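Should a chain be cited, it is by its letter among A, B, C, D and E, assigned in written order, with residues numbered from 1 in that chain.
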Amino acid sequence: MSLAFLALALVCVVTASAAMISRNLIHSALLLVLTWIGLAGLYLWAGADFVGFSQAIVYVGGVSMVVLFAVLLTRRQRDEPLVLIPEAGVGRVVAGLAATFWVAALLVPAMVVAPLVQRAGPGPTLTVKRIGELLAGPHLVAVLVVGVILTVSLIGALYLAAPVTAEDQPEWDNGGTGRDRGNQEEPS
Amino acid sequence: MSPLHLCLLLSTVLFCIGLAAVLVRTSAILVLLGVELMLNAANLNFIAFWRYGPGGDDTGVIFVLFSIAVAAAEAAVGLALVIALHRHRRTIALKAANQLRG
Amino acid sequence: MIGKGLLQGLAVTARNLVGSYHDPDRYTTIEYPEVKPALPEAYRNFPFLVAEKAEDPLGTLRCVACQICEKECPPQCIYIVMDRDEKGKARMKPKVFDIDTSVCMSCQICVEVCPFDAIKMDQVFEIATDERFNALLLHRDQLAKTNTYFHQIHPTEAAEVDARLAAEKKAAEEKAKAAAAAKAASAKPAPAAPANPTPPPAPAP
Amino acid sequence: MTTTSVPSSESWLEVAPLQARDALLGLLPESLHWIASSVLAIAVLVGAFGLMFAYLTLAERKLLGRIQNRPGPNRTGWAGLLQPFADAVKALTKEDIVPRDADKVLHALAPVSLVALSLIGLAVIPFGRHLVAIELDAAVLYFFAAGAATELSIFMAGWASRNKYSLLAAMRALAQLISYEVPLLLSVVPVVLVAGTLSTTAIVAAQGGWAAGFWPHWHVLTPWGFSAFCLFMIAALAESNRSPFDLPEAESELIAGHLTEYSGFKYALFFMAEYFGMAALSAMAVTLFLGGWQAPLGWLEVLPSYVWFAAKLLALLAGFIWIRATFPRLRIDQLTRLAWKFLVPMALLNLANAAFWSLTAGWSGPLQAVRWAVSLAAVVVPFLLLSRSLFSGLGPRVYRYAPS
Amino acid sequence: MFDANPAASPSARVRKVEPSSFGFQPSSVPPPAGGGGDLLEISLGPHHPSTHGVFRMNVVLDGETVVRLKPVFGYLHRNHEKLGEGTSYLGSMPYTDRLDYLNSMTNNWAYAIAVEKLAGLTVPERAEYVRVILAELTRLLNHTCLAGFLMQDCGCSGTPLMYAFRERERILDLFESLSGSRMMCNYQRFGGCRVDPTPAWLAAVAQLVDRYGPFLDEFEELLTGNEIIMARTQGVGRLPAALAVNAGVTGPMLRASGVGHDLRKVDGYGVYPRLNFRVPVGDHGDVYDRYMVRVLEMRESISLLRQALAALPGGPVLDPKAKQRGLRPKAGEAYGRIEGPKGEIGFYLVSDGTANPYRYRVRPPSFVNLTVLEDLCLGHTVADAVIILGSIDIVLGEVDR
């Protein structure tokens, strides 16, 4: 196999596992960004330029920002040095890993046994014009649906994340969970 | 071990890392990152099959494009939920998000 | 049209950019060490003591150590000690005349209040020294400069001062001559009248 | 440099860089050729743009000085020519202070990644007829993928220096970058729509030729093209934190923004990244709108193509400096409102305008005038409406005098 | 982007936080009412690049908006008034240059008027006209400098400031060739001026005045119409007329809020009643109005200078009978004030017949105008607070004395 593929694969696996193990949320987010860059490299290696670059723009440009903003907004105190996370109990770790290995045990032999039709030689060439024609042609409906999904999710995310102002504060939710009063005047 | 098998193996490894993270970790954000990783592993499969498969058909690539777009939307909504959760419960540990009320 | 103000602003800066190459009004920098600034005649910096003759500046100082400038100087940066001969009689000359230029704010009040035009404002502004205290305390010998130097730096003012002094001297001489004539007249009818005291020495020429 | 064969018809000046490259590669064995050519391309790019960065800082200080009626640096070397090297030595010799509880890795990684990301965008820009580092099919997408990642570096800089103000400033810088990423990309889409391709060399080729002998086919000379060019430049100003939008380092607020905890060479790296980003965005603007290396007039083709590209690039950079000398700074809320309420709507309408333009390509004679009129109206009318709503309540005032 | 309609003005949106009393210790400040959210407390200055000299603002921010602002100054206090009691009347004159070190001529004139009132001295005609010429030149200089500094706070990288300083240098050259020093002129005396201006000097003033009109046109072309400046300054730091009058604000800042009070018209000191000029008044009282009122005042000063130069009579420039050195005014008190470029600058002197004043009090316009800083900044962002401070036009020499 080509050296490039092995290098990229190594990068992806190492950074992904480091991201998932790391205790500092910011470090894990940034390491995951490295994984996404590795994956974009893999797509370029496979010859799908357009996908590689769109992966770079969407994930490294956009999603990483959303993740980092989310991490910063959910810190408990203002200047918590390390965004530490309470460690999971041993039982949970063992159960999780067991389930994962069980799934892996299912997938890998299936993959090995499957009669895959291989095509040797250089991969298919993919031009932007070809993608354009496909998107505008048979997949036009899918493009519009994805557009709607994106808009809906954007508005939904905004509504969920925006701080709830006083007036639409439901009366029954004044439980003592130290709920942030938002901008409401403190009844002195 | 043909190149296709190697690609599938790599995506399986990534998928399992994501799954392990989802199952083990207690922070909501890390679970979302795990899910994100699993989605990326799936995309890698599509591209692998497009590259080494019988070929002549590019729907795999198109599917990956849509999958990236939807995954971005999903990440945005997921993290909005996490922020809303944080505002309610003052913490993003998954333990706190087990009641349906609130 | 919304962008109009912004475009006008750009036009002004462009005009200044081009103007700075040909219009002297739009290129006002003087590269100091190489090009000395043209100081106006009235420019004043630290004071100096006016001496009549160049060969013996300390001897022919106009200053009579009357200490008016020492009292009037707002930041009190002048220090004068009268020169007394062995019998203790004042010799109307400053033995010590120090100006602490680190305190002096060159406000020329001393020049204004000096009745003898003995202290004038200098135009030397490159007086930086590496040594903080003593070098900035100017003594009598560093302060004394000749009247001709005064003419060089403040020609009109020096001319006025000289004219006034000459007029005063002439007036003093006439008074002295008139007094002498009057004395002579009074001396003739009453030779026994006591000789009136010689007029007080004319103020330093 | 692309490995295409060298047509012999053009003037030898045009072909000189390629012949030099082939001569150099000739020294190496055949197997190393593709490595050597890419290394050579990288070396030339980094060298050329590094030198241009050095003299861009000098040009900026000299132009700014001349605009403010003063000479600008002229003490180091003849007329200040050695000033950039003096600055470099100063930056290198300055002590590099890293806050004690800063995140050492991220703190060092931020400036390096910023410079790297600003530079890799230059790989797809055609500097001359044959001078393009990589001939990519989706070149424009590659350029903006590299640009999008710079936000990460700024976040790292802000977060790693563990300082309340630099984190706040990093947040503001990110808000600005993200809200100007959208109009930047949207203003490029019309060009891709009309040129029909994402490849930069094809876009430049599409702008070749002259209508009626003197009117070049550049995109900027069409109504939608000029509007897209202005939107692109405004967004580019914001992306590279230049004058009306240089909020992060606004000295009147949080002192040096996310650069507060940097000193020495890392601080110089940030500036280098800013200038590279500015140069890369200007180079992309030249490629997309000003006809890349196309000569403005037919008989001017005698000058090699890369000279024309350099001339246009330097003109745009001079524009950056000119704007920095003239305009004050916008507030953070005005800045984001300008992006979302003015630039994004204008860019979307411009997209429709470009679609109309490309559909009516066939019109000729009187219809051509109608086409121009409609396209012009589609730019001017939204501009007036949007700017009026943007500027409600503001405007010059009339002053009265007290009754004496 | 720039909705400047008063209804939604920023201060309306902020939660009402009572302005702090002076016993305010920043670190121990309890979060204001309606707590919640994390308040960020930053201190702008004393060596912050945008404060005009050594001045510090303790700002408590809720997110972006200023919730509480306490000015802290006194870093440049030189005990000016106690010194005044120790030195003779003439000895204090050079110290008045150091009060508002941008406008030494008007400081001198205010002090001279106070002493003339105290000692009952008369001033010859020519001296009155020379004083008006110098005061109006100082007004030009001060307002040009202000415009330059204000635009520097708005973010222009130095261009308007350099143009302003280029013109200021020309005026300072005039002062230097007349009084001997650019900024520390020490030129006025009790009963007139120290040096009689020469015809050559007067010609130079006439030439400067003729060139100043075109410079102002170019300066306004660069700034007044600029949309970004309008966006940054219109509707920011709005000072209602009632608050201005109650706080004792004077000068262009008061006139920008709509109150047409100008001492040159009210007191009619010097020869101002004989010269006709208008007093520009703004209606909104925001930063843009303060800038525009000063620019219009500069145009009035140009016409005033022309009239004064034309009507300049001959005769002595100093009342010969007036004693400068040993001046001992009879016991009593006097308050002399003039319309300085920054507002009403006044000197209150109490004499007990000796050579030194018993009480020597300065009424500094910058200090009094500064008291409304917090009311102007509430509800604005830090960037606006910096601009509002710039528009009040303070000089720390005068604020701290």
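We take it that a contact is a pair of C-beta atoms (placed from the backbone, for glycine too) under 8 Å apart; a residue touches a chain by one contact, two chains touch by 3 or more.
These numbers come from a predicted model, not from an experiment.
Q: Between subunit C and subunit E, which partner chains are common?
A: Common neighbours, subunit C/subunit E: D.
Q: Per-chain Cα mean versus the mean over all protein Cα atoms: which chain has them closest together?
A: Given all protein C-alpha atoms shown, the central chain works out to be D.
Q: Ranking chain pairs by how many C-beta pairs touch, which one is first?
A: A-B
Q: So, comparing C-alpha centroids, which chain is the farthest one from subunit D?
A: Most remote chain from subunit D, centroid-wise, comes out as C.
Q: Taking each chain's centre as the mean of its C-alpha atoms, which one ends up farthest from the centre of subunit E?
A: Relative to subunit E, the chain with the farthest C-alpha centre is B.
Q: Which whole number of Å gives the spacing of the CA centres of subunit B and subunit C?
A: Chain centroid spacing, subunit B to subunit C, equals 88 Å.
Q: Distance-wise, how many Å sit between the C-alpha centres of subunit A and subunit B, to the nearest whole number?
A: Each chain's C-alpha centroid was found; their separation is 6 Å.
Q: Measuring centre to centre with CA averages, how many angstrom lie between subunit A and subunit C?
A: 83
Q: Return the distance between the CA-based centres of subunit B and subunit E, expressed in whole Å.
A: 64
Q: List, in ascending order, every residue of subunit B touching at least 2 other chains.
A: Residues of subunit B touching two or more partner chains: there are none.
Q: Two or more other chains touching the same residue: where does that happen in subunit D?
A: 67-70, 164, 325-327, 390-391
Q: Listing for subunit E: what residues touch at least two other chains?
A: Counting only residues that touch two or more other chains, subunit E contributes 159, 163, 166, 222, 224-230.
Q: Can you check the complex and tell me which residues of subunit A touch subunit D?
A: Listed in rising order, the residues are 26, 30, 33, 40, 49-50, 53-54, 56-57, 60-62, 64-65, 68-69, 72, 78-79, 81, 127-129.
Q: Would you mind writing out the residues of subunit C in touch with subunit D in their complex?
A: For subunit C paired with subunit D, touching residues are 1-2, 6, 9-10, 12-14, 16-17, 19-21, 26-29, 31.
Q: Contact residues on subunit D for subunit A in the complex?
A: 101, 106, 136-138, 141-142, 144-146, 148-149, 151-152, 155-156, 159, 162, 164, 167, 171, 174, 178, 181, 196-199
Q: Taking the complex as given, what residues does subunit C use to touch subunit E?
A: 2-6, 8-9, 11-13, 15-16, 28, 40-44, 68, 72-74, 105-109, 112-113, 121
Q: What does subunit B use to touch subunit A in their complex?
A: Touch list, subunit B to subunit A: 2-6, 8-10, 12-21, 23-27, 29-30, 32-34, 36-37, 40, 43-44, 47-48, 50-56, 58-59, 61-62, 64-66, 68-77, 79-84, 86-93, 102.
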